[in-house]
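Mind having a look at this structure? Questions to follow.
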């Protein structure tokens, strides 16, 4: 991908950090399957599946660990 | 999502931290599937499945790592 | 849940820490499915399944990382 | 369990640490399913399954992170 | 493999770090299955599966933790 | 196992570290299923499965976190 989508891991608040973790998780999918049509077609497969949603939440949790550490856990903010 | 739901990772006790980890895990699901009707419909699918419950506990454990680190493991409290 | 079940992550020995990790893993399940009847009914489903037991051991391992870090790995004990 | 099986996370070598990680992984299983007959009966189910073996190796890897950190990665040994 | 493909974990930007995490994830696959024909044949199996894509994103997330830590989270860049 | 196969986690380069992570992952399998015939027979089951390969890459990623931390991420090398 040639577009710039990630300049920093620093965010103002933990919530923005959580949302960045979600972006990272989606980008991991997108790098693996860049075709937007295919991605759109697959969406109901996991968004309507309990296991798929738990797995998605798991990936976000792993990425949130990274973002939270980068921000020193927003301890003074 | 426009609502503010996460202002800090700091909690008074480890138990509150564990409960925050659960909130983070649920939010990861909710960001992926924002429709409350769909979420409600899927609930029995994992809450009545041993594998689904273990997977849910796994995500909570990952988020609890983040929250516990943020709180320096509540060592002096 | 209104009961207090987690006051500290500090334990006297690594074995107690491992047992706390097990407690955390079970609580993750219990928060997700609070009904004790349902939990009891599901028990054979994972306790008699190789995959289920490995998955349970995985969650304990993740929680043990947290508890061990909290205790500085019991290095002087 | 009333027996003492884990007094320390410190080992002399990384290999002993890896073997301790394996012990922790097995104990995670054993705490969940204490019946030795059941455990024995389930053994072929994962030890003869590629997925089961990868999952077992995964749990060992997570526990090895803990043991390796406890030993400061055996850097001066 | 005799080729040199990994000289450093240091990257200029978090995005390059994320792309390195993707490379690490693919190399993990390639070391396990070095046959390029087989790999090509398997590609549709995960790239067209919601579960497969989430699992791929999960591995990238784990490797990104490593790369991000190596770069001190690109805090001053 | 009585053979010595792991003396140190320190490697000269990140690539050697990644290859050590692969060795650790395979040893985790081997400790669980020591029979080389069985292991050989199971190989096609995961090496020709997209899910199996992603799972293998996941375990390598977890072990690479450990090896990379042990080497301070090869920051000055």
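For clarity, chains are labelled A, B, C, D, E and F in written order, and residue numbers in each chain start from 1.
Keep in mind that, in the parts below, a contact is a pair of C-beta atoms (placed from the backbone, for glycine too) under 8 Å apart; a residue touches a chain by one contact, two chains touch by 3 or more.
Note that the coordinates shown come from a computational prediction; the quantities given were computed from them, not determined experimentally.
**Student:** Chains in contact with subunit A and with subunit D: which ones?
**Tutor:** Touching subunit A as well as subunit D, we find no chain at all.
**Student:** With chain centres taken as the means of their Cα atoms, state the distance from subunit D to subunit F in Å.
**Tutor:** One centre to the other, that is 15 Å.
**Student:** Measuring from the mean C-alpha position of subunit C to the mean C-alpha position of subunit F, what distance in angstrom results?
**Tutor:** 27
**Student:** Spell out, as numbers or ranges, the residues of subunit B touching 2 or more other chains.
**Tutor:** If we look for residues of subunit B contacting two or more partner chains, we find 46, 49, 51, 55-56, 58, 62, 65, 69.
**Student:** Touch graph of the chains shown: is it line, ring, star, complete or other?
**Tutor:** Contact map by chain: ring.
**Student:** Beginning with subunit B and moving on to subunit C, name the chains as they sit around the ring.
**Tutor:** Loop order (subunit B start, subunit C next): B, C, D, F, E, A.
**Student:** In the complex, go through subunit B and note every residue touching subunit A.
**Tutor:** 4-10, 24-29, 31-33, 38, 42-43, 45-46, 49, 51-52, 55-56, 58-59, 62-63, 65-66, 69-70
**Student:** Quick check on the complex: what are the subunit A residues that touch subunit B?
**Tutor:** 13-15, 18-19, 22, 46-51, 53-58, 60-62, 64-65, 68-69, 73-75
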